[in-house]
Every structure is written in C-alpha cells, then in structure tokens.
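In what follows, chain A forms one complex with chain B and a second complex with chain C.
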Partner chain A sequence: MLIKIDGKTYKGHPGETLMEVARRNGINIPSLCYKKGFEGLGRCRLCLVEVSEGKRSKIVSACVYPIKEGIEVTTITDEIIKMRKDIILLLLLRAPDNEYIQQLVKEYEVKAPERYIQNDNDDCILCGLCVKACEKLGTKAISLVNRGITKKVSTPYDDPSKDCIGCGACAETCPTNAIKLEESNGIRTIWNRDFDLVKCSICGKYYTTLDALKFIEDKLASNEEHICDTCKKKSTASKFKESFQHIY
Partner chain B sequence: MHDTTIRKKILVCCGTGCLANNSYSIYERFVEKLKDNPNITVETSIKATGCNGLCEKGPVVKIQPDDISYFKVSIEDVDEIIEKTIINGQIINRLLYLDTNQKKRIVNHMDASFYKHQHKIALRNIGEIDPLCIEDYIERDGYKALHKILFEMSPEEVIDEVEKSGLRGRGGAGFPTGVKWRTCASFNNFPKYVICNGDEGDPGAFMDRSIMEGDPNTIIEGMIICGYAIKSNKGFLYIRDEYELALKNMQAAIDNARSHGYLGKNILGSGFDFDLEIVRGGGAFVCGESSALMASIEGNVGEPRAKYIRSVEKGLWDQPTVLNNVETWANIPPIILNGANWFKEIGTDTNAGTKVFSLVGKVKNTGLVEIPMGTKLSELVFDIGGGIINNRPFKAVQTGGPSGGCIPKEHMDVPLDFDSLSKMGSMMGSGGVIVMDDTTCMVEIARYYMDFLSEESCGKCTTCREGIKLMLNILTNITEGKGELEDIDVLESLGNTIIKASLCALGKTAPNPVLTTIRYFRDEYIDHIVNKKCPAGVCKNLTTYFIDEETCIGCGICRKKCPVDAISGSLKEVHVIDEGICIKCGNCFTACPKDAVKIGGAAYAY
Partner chain C sequence: MNLELIHKYPREKRFTLSILQDIQREYNYIPREYMEYIAEYLNQPLSDVYSIATFYKALSLKPKGKYTIKVCNGTACHIRGSESIREELLKVLNLEPGETTEDGLFSVEVVNCIGACALAPVILINDKYYGGMTKEKVKDLINSYREVAINA
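And now, the complex of A and B:
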C-alpha cells in the first residue's frame, strides 16, 4: 500500500496507522500518548495531520487513523500549527511546571496569558499510557476514573490496590513523570501502597518488588533466578562471548 | 346528547409529567368509582396512557368517543366527571383547555392551537393506548408492518423502502437511516447487532423518554424490522437508569412481545429469530455518543473512539452494528406500512417526515410537539407554543441542547430541519427547543452549557476536556465582571480548534453555544466586559435595579413583590430601591406594570 507523506511516497501495510508508518520512516509527528507497541489512543490530539483523499481533505489524529491506498498526508500546515499551539496552551495551563510540556512550549513558542493561569497544577495530562501499560501486563490495577474535568488516573476508590504489584511500569511509560514512585530502606511506595523490594543476587542492588516477581513466576509457572536486567544482560553477553571464542 | 349504546373510553394520562401531578390516583379513583356503579349504563373502559405532550396543563383526562379533553384535572374532579360527563353527557367548562391564542375554551384538544398544527407519526399512539397492553398497540395497526416484511418483503426491499423514504436519524446528526442499514447489510461478517439509543441527555429534551414510556412496542417493531433487513438476530436497548418508567414499560413490552411470538425464535412462524435485551446506562451524557454507548454495553469505560472505521462495519464487539435513536425506530413501522412515498410527502425535499420537539423555557405551552420538518421556528414558538409567558419580549431560542446554538429573533423564520439549523451554527440535535425572553442572559447561557459539558465530557481528549474548562473559566470571569475584550477573540479562536481537533461529536459541537451567542449577541458580551452591565439582570455582580422617576406611578406592586423589603415609597409616589438591601432577584423588574424598574450596571468597579 503506497501513501504520500509531505510529498514523499512511503510503503505501508493494511491495518497500520499513519503514526506507525511515520515513525518507521523517521517522520516527526508530535505526540504524548503514543508509544510503540501500544495501539493508538487518540487522547492528546497533538498528532493531528491533514489527510487528502481525492479532492476531500480532513484533519485526522495520526495515531488512530488507519492508512488507505493513495492518501496524501501533510504533517505541517498553518492550521495544524495553530491547533497544536492551542493544545499545548491547554496542556500548559494544566501542567505549567512540567519539564516535558515546557519543551513543547519552547518549540512551538506558546505563551499563556497570565490571567488564565490557575493554581491547580497537575503533571498528569491524562494520556492514558500508564493505564494501557498496566492493562498489557495483565494487572489492571489502575484505570481512568470519573469524567469531564474531574477525570484522573487512580486505583479503585483511591484505595491501595490488591492487584497492583508495584512493578512501576506505569511510572516508566509516563511521558510527563507524573506518577510518584518512591524508594527507601528496601521499600517501594507507589499508588498509596508499600512493596518490599528484592535484591539482585549478583550485584546486590534492589531491582524489583516481591509482588512483581511472584506475579511473573505465577505466569511463567517457574522459579526465576533473582537477577536484575543489567546483570542478566551481562551474563547473557558473557555466555555469547564464551561460545563465540570456541568458534573462532 | 347522551348515548347509552356507545362504549366510553376514559384515557387518563400517566406520562411522567402527569404522574408527578398525581394522575395515577386519578386513574385509580376512576376505576374504583366506575366499578359496580349502578348509575352507569354505558360500557366504560379506563386506560392509563402515555404522555399527551402538553405536560404543563396536566393531568390530562380524555373521554372518547365524545372527544372531550379535560386539563389540570384533580382527584376531586373525578366524581363530577363521572356524574356530569360520563352519565349525563355534559361538558364541564371549567376543566376544558383555555386556548390563549384563540382566547376561548376548547372541547376537543385536537382543535387547540397547541395540537392543531401537529402531525403525529412517532407519537401517533401515545396518549391513545395503554403502553402495557400489547392489544391496544395491535388494534392501532401494531405489528402489521412486521407481518408485511416477514411474509411479503425481502430484506433488500425493506432497506429500499427505508432508503427511499428519506428518513434521517432523529438522534441529532441526521444521517440517512436507509444508507446506514444498507452499508451494514453489505458486510459479510456475523453476528450483527441492532441498538436503540435511549440515553437521552440534552437538558430539556424528553421525547425519547415519552416514546419509551408511552408506546414501547413501536420501538420493538422498528428494531425487529431492521434486524430482518440487515440479518441480525440480536438487539440492545441502551436506556439511562434514571428513566425508571421507561425501563419498566420497555421491559414489560419486550416480555409481552416475546409471549405473543413477535420476539424470540421463529417469529410468527417465519423462520426469523430476533430478540432484545435492555442495558441500563449509568446516566453519563457522553454515552449518548454511539461509540461510547457501545463501549458501555461492552462493560468498558464510556469513552468514544475515533470513528475512521464506522460502527456499521465495526461496532459492538467489533461486529457490524446499526444504532438508531428511539424516535427513528418509532418512524419505521409507519414507513413500512404506508410506504416511502407517503412519508416523503411530509416535510421537505431533503428532510422527509416529522420531528418531535420538546418545547420548554419561557413559553406559554410547554410540552412535546411533533410537526413536519421545515415548519418555521416562529410557528413553533408562537402558534403552537402560544408565545412568551407574560407576553414579555422574545429574545432567542436554543436548539439542539449543549451541542446546539442560540438563534436570535431576527432569524425566527428559519425552517426547522437538519440543514437549515446547521447553517445557523446551531443544530437539530435531539429536538430540544428552549425559549428565552429578555430576562435571559446569553453569556450566562453559554457559561451554563460549558459548565454542563465540563462535567459531562468524557474527559478523554485534551481539546474537549481542557478546552471546555478554559472556556468555562473565561465565561465565568466575564459574568463576574472580570472579562477583557480579548477574551472574545480567545473564545472564538479556541472554539474553532476544539471543533476541528476533538475526537468525537460531543467535543466537535461543544463550542456551539459559545460561538453562536458571540455571533448573534456580541453586544451583550461587550456590555458585560466594557460597561460592566448584564442587560438581562442575571449576572448579579453586574446588575443593579433602579426606579425611573418619570415612569413610576407609585402603585406599590414592586414593594409588595420585594422579598427583602428593599423598596420604599408611599402610594402614588415615586418608589426607591435601597441598593444596600437589594438581592437583585429581579421580582420588581418583572412585576412593574409600567416598566419603570430599570436595570443598571455594576454597583462598583471590578
């Protein structure tokens, strides 16, 4: 399937979204709620682009738009820049102190009128990636709750969740660093709950929680060695090295 | 004349409006009083019906075949009605409808200005039948259309007929129903689903509720016909849980239809299977959006999705789905029975048939009105609605709920159809029409809708959630006297971004109330911002009342109406309002027979 993006022709596969084709080819379409491997969410609206099909053209959100043969895409027009500026302004009013949003503000030269700034800062921009990550893991401990301007990400009734394993995948995927994850004295605190941390049997550093390990062991029905990612890579690399030495 | 050979039917309105006024007790009283009553020689039957539309004048009692309609009936009137009207055939003048346009009392409600202009298709049975009695529905040609399609028409022919009729979805967007069915039928992917959208949520709209409560079988019949046409065997009715009576009557009708062989396996021996299930909605406004509604039925959070792939292809559980609104379904059986050409004759070329409007606000006759598409807005407000309460100056109407806009009096000749209303920057929506007089502040109206939507947006996408929030903040500032002129530009510019960039129809239409009020009432915005004055006297920070010395005749009415004794003055002398005590309720303003009470701007600078 051939499509045109900003005048150049690219190959895409049926079922792919515009964002997938763009990212694969190094075309920059800004987005806060898109992550490779996840299906598009269409929440942040920053990835708006213009798609022309014959004589008709429309504004679509690239992360959820399934490509069609022959479409022509323009990723930057005056109209799109204006909309992105407005969206960044809205995000700035929500999260005025956020580093990530500030980068966008600089890039798009957005300025918020003083009078519109309110003192209810929230780093979370409700992109929903954390909820998706938790869902993909199979834990489903957090979700988007409420609606309208009171919408937020939380555990059921804001209580400590028994489904949460403290793995931190939510904090890891958050584009604005909005999820609080604290560690001290072998305890990790996240979503109002404390988790015991586990040490790597090789390097001795804390690397995951007991609940997360148990969750994985239950899923895989095996007892894994307690080794952190870095040490796991090292040990795999050394095994490779060993076997390659014998070949040459 | 008193005829003893004719069977008398007493129809007591038990729609939600009349029920709230105790109409069920009236019904029970009739049943009790007519039972074993030796004085009654005529055969009588009493029915609790659905809503008659003129809720403001309820409870309504109709007596047939004499065609006598009584309004504002109370339980004390029952004995008199039996005695005078049922037994002796006399009319009780006091209970007749007082037509303010014709300035006389009317015996048969169909002659009243409110009803005379109406053309009932979707509401044809409501008020005439007992919704819980399937035989009543059958007696009025119910399930005849189903017989016709099952034994005389192919699915293709059914779709042809609906398409030819020109019926457009009554839920708001006006998408051609036949095209929707045909597209869904074209996908070879089974199972397919049929959905009835009963998640009516626009403030002031209650037509779907009335149909579900008053004529549930017509919805069921419409849905079975669609099931047959697109080869689906399963349908869902998504009804908001607040609609208790609608839920009860729909469920009873489904059970009844099933036991009569209209639902279930092998319907009427045709070999076609179809069944229905009710899903109760939690009352989120956004669940009236089709993809959010489907997510909700699936058990997920009620959030819309991008509809680049339509729900006719991938809808409920990713299967081909036809979703129509309650009123659309109610139009299907008459179209099949009377033919597409009959339907096309009603309304205009591109807007066939009728539309039900719920007429509310500052209008004399409030209630449900079904009129041919293309009827002028002025006819709806003045001929049917009877004009403005207390004959105050008319200002604007709001159509289409939170997605619609305000239409000023200069455009009162706009025909009520999908296309004309969209051109005005408003919308047909579900058919809510809110009438406003000179005491309505247009900035406050815009603020009210943003406040409503800030809670009812699903909150999924940035433009809708944060955009509405910012608009609400700006509008609140303006109504509190803290606005600046550039705010109007920001509202317009931001509104256009929200329309273009939002994910679903809720966001894409959310700025309409703001943009139309700016378009047609910019002066009022400027008054608020520059002159610090609310000309309607609604925004309290920007209102003071004073009495014009030249005009005041010293009648003392304002003094009596004032709840806080802020007005002083002797009889036949000029009265004065003490600003320090005044709570700005506006009672004096609306009460003054000489319009001597004037609205001034803010008491102090903001």
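And now, the complex of A and C:
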C-alpha cells in the first residue's frame, strides 16, 4: 500500500495507522498520548494532520487514522498549526508549570491571554496513557474516574490498590511526568502504596519491585534470575560475542 | 449482601451498568462491598467498575437520603425564582447541594430541568412533583415528609 506524506511516497501495510508509518520513516508528528506498541488513543489531538483523498481533504488524528491506498498527507499547514496552537493553549492553562508542555509552548510560540490565566496547576493532562500502560503491562489497577472538571486518574476509592504491583509502567509512559514515583531505602512508593524493591544480582542496583517480579514469574511460569535490563543486555551481548568470535 | 440482585445477570462485562443501576435503585447508593463483588463476579478489574460508577451522575458512591429532593433550576424555574426556593430549602435542612441530612432522610440536588416548566418553580421529591413552589411552602412540605418518616 503506497501513501504520500509531505510529497514523498512511503510504503505501509493494511491496518497500520498514519502515525506508525510516519514514525517508522522518521517523520515528525507531535504527540503526547502516543506510545509505540500501544494502539493510538486519540486523546491529546496534537497529531492532527491533513489527509487528501482525490479532491476531498479532511483533518484527522494520525494516531488513530488507518491508512488507505492513495491518500496524500500533509503534516503541517497553516490551519493545522493554528489548531495545534489552540490545543497547546488549553494544555498550558491546565499544566502551566510543566516542562514538557513548556517545550511545546516554546516551539509553537503560544501565549496565554491574561484573562485566561488561573491558579489551577496540575501536571496530568488526562491523556490516559498510564491507564493503557497499566492495562497492557500491569494489572489494570488505575483508571479514569469521575467526569468533567473532577476527572482524574486514580485507584479505586483513592486507596492503596490491592491490584497494583508497583511496576511503574504508568510513570514510565506518562508524557508529562505527572505520576509520583518515589524510591528510598529499598522502598518504592507509588499510588499511596509502598513496595519492596529487588536488587539486580549482578550490579546490585534496585531495579524492580517484589510484586512486579512475582507477577512476571507467574505469567511466564518460570523463575528467572534477578537481573536488571542493563545487565541482561550486557550478558546477552557477551554471549553473542563468545559464540561468534571464532567465525571470522 | 443481597446477591440475588447480581446473580440474576449472566457473568458478562456488558451487564456492569445494569447491575450498578439495580443496586443504586435498591440502596440509593453503591456500597463498596457490592462494587468489589461485582468486579469479582464479572471478572473485571475493580478499577473499571469504579470508573463506570463514578462516571454516571445517576450512580452515587455516598449514601443518599430516603427522600431525594431535586430543585429545578431550568430556565422557566430560574425566572420564576427557583434561587430563593433553593436557598430556603438548604437553610431549612442546613445542607449544601449534593449532601444528605444527618438523620439520612433528605438529600438535595440542583438539576437543570425536570420537564415540568408549566409548574415552575418546581421541586421533585423522589417521584412526586410539587409545582408553584413558594418560600413559605418549603418548610411545611419538609415537615410533612419528616412526620411521615417518623410515624412510619
């Protein structure tokens, strides 16, 4: 399937979204709530692009738009910039001090009119990426609760969640770094609950929680060695090196 | 717990809202143990059930009074002075909108139209409409409900 993005032709597969094709080919479409590997959420709306099909054109969210044969995409037009500016303005009013939002504000030269400025300050932009991450990688311990102006991400009843394993996938994916994850003395605190951390058996650094490790072991039905990502990569690489060193 | 309410539904995700509605009807709110049981029964994460229960205004997580008083603040009622009726009602019951009296009898909600504009200003107590309300009528009406509740 061939599509055109900003005048160049790219190959895509049926069922892929525009965002996937663009990211694979190194085309920059701004986004906050898109994460590679998850299906698009279409919440932050920063990834607006213009799609032309024959004589008709429309503005769509790239992260949830499945590609079609022969479409022509423009990732930046005056109209799109204007729309993105409006979206960034709203994000700025919600999270005025957030550094990630500030970066966008600088890039798009957005300024909040004096009369809109309010004292509310929240880093969370309610994109729901953490909820998605918890569903895919964790235990679905958090969700979007309430509605309207009281909407937020939380555990049921705001209590320390029984389901949470403290894996930190939510904090890891958060585009605005809004989720509090604290670590000290071998204890990780997240969503009002404390978790015991586990040390890597090679480098001795804390790298995950006991509950998260147990969750993964149950899923894989095996007892893996307690090794952190960095050490795992190193050991795989050295094994690779060993087996190939006599070939050349 | 009255599990009959839940067990009459098949164990499928799509019945979550129906079950929550039935429980709301029975108890005037969703008790926590029911919420947890529904999640277990339907094999859903508790966070999902909680998300649904907090989304709909028709579902409440706090106990509601025996009588839910809805004060209409739609256009017609607003013009005919619903504001003063609301103030009087909240003063008589010593409440804020959304709260319940300590004796568990009355909760007050302000709503945006109950489709009885000809009766404006109107209040709704459970399923009964009281049209043409005045400040003076409020106290008598509350007292009559209180008496019924005490004698019952």
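As a convention for this text, the second predicted complex is superposed on the first by the 244 of 248 C-alpha atoms of A that agree within 3 Å, B and C clash if a C-alpha of one lies under 4 Å from a C-alpha of the other, contacts with A are read in each partner's own complex, and residues count from 1 in each chain.
Operating definition for what follows: a residue touches a chain if its C-beta (ideal position, glycine included) is under 8 Å from a C-beta of that chain, and two chains touch if they have at least 3 such contacts.
From a predicted model like this one, the values you see are computed outputs, not experimental measurements.
When the two complexes are overlaid on their common chain A, residue A:Ile125 makes contact with chain B while staying clear of chain C. Taking chain A as the reference, the larger set of touched residues comes from B, when chain B and chain C are compared. Judged by the touch definition given at the top, the superposed model places A:Arg45 against chain B, while chain C stays out of reach.
Of the two partner chains, chain C is the only one touched by A:Lys140; chain B is not. Look at A:Leu93: by the touch rule set out above, it reaches chain B but stays clear of chain C.
Once the two complexes are laid over each other on the shared chain, residue contacts for A:Val60 go to chain B alone; chain C is not touched. Of the two partner chains placed around the shared chain by superposition, chain C is the only one that A:Pro156 touches, whereas chain B remains out of contact. Shared contact residues on chain A (touching chain B in one structure, chain C in the other): 143-144, 146-147.
Residue ranges of chain B in contact with chain A, taken from their complex: 284, 286, 301-303, 305-306, 308-309, 453-463, 465-470, 473-474, 477, 484, 486, 490, 493-494, 497, 500-503. The part of chain A that touches chain C in the complex is made up of residues 139-147, 155-157, 161-163. Within the complex formed with chain B, the chain A residues making contact are 42-46, 48, 59-61, 64-66, 79, 82-83, 86-87, 90-91, 93-94, 113, 115-116, 118, 125-126, 128, 143-144, 146-151.
Against chain A, in their complex, chain C makes its touches with residues 32, 35, 45-51, 54-55.
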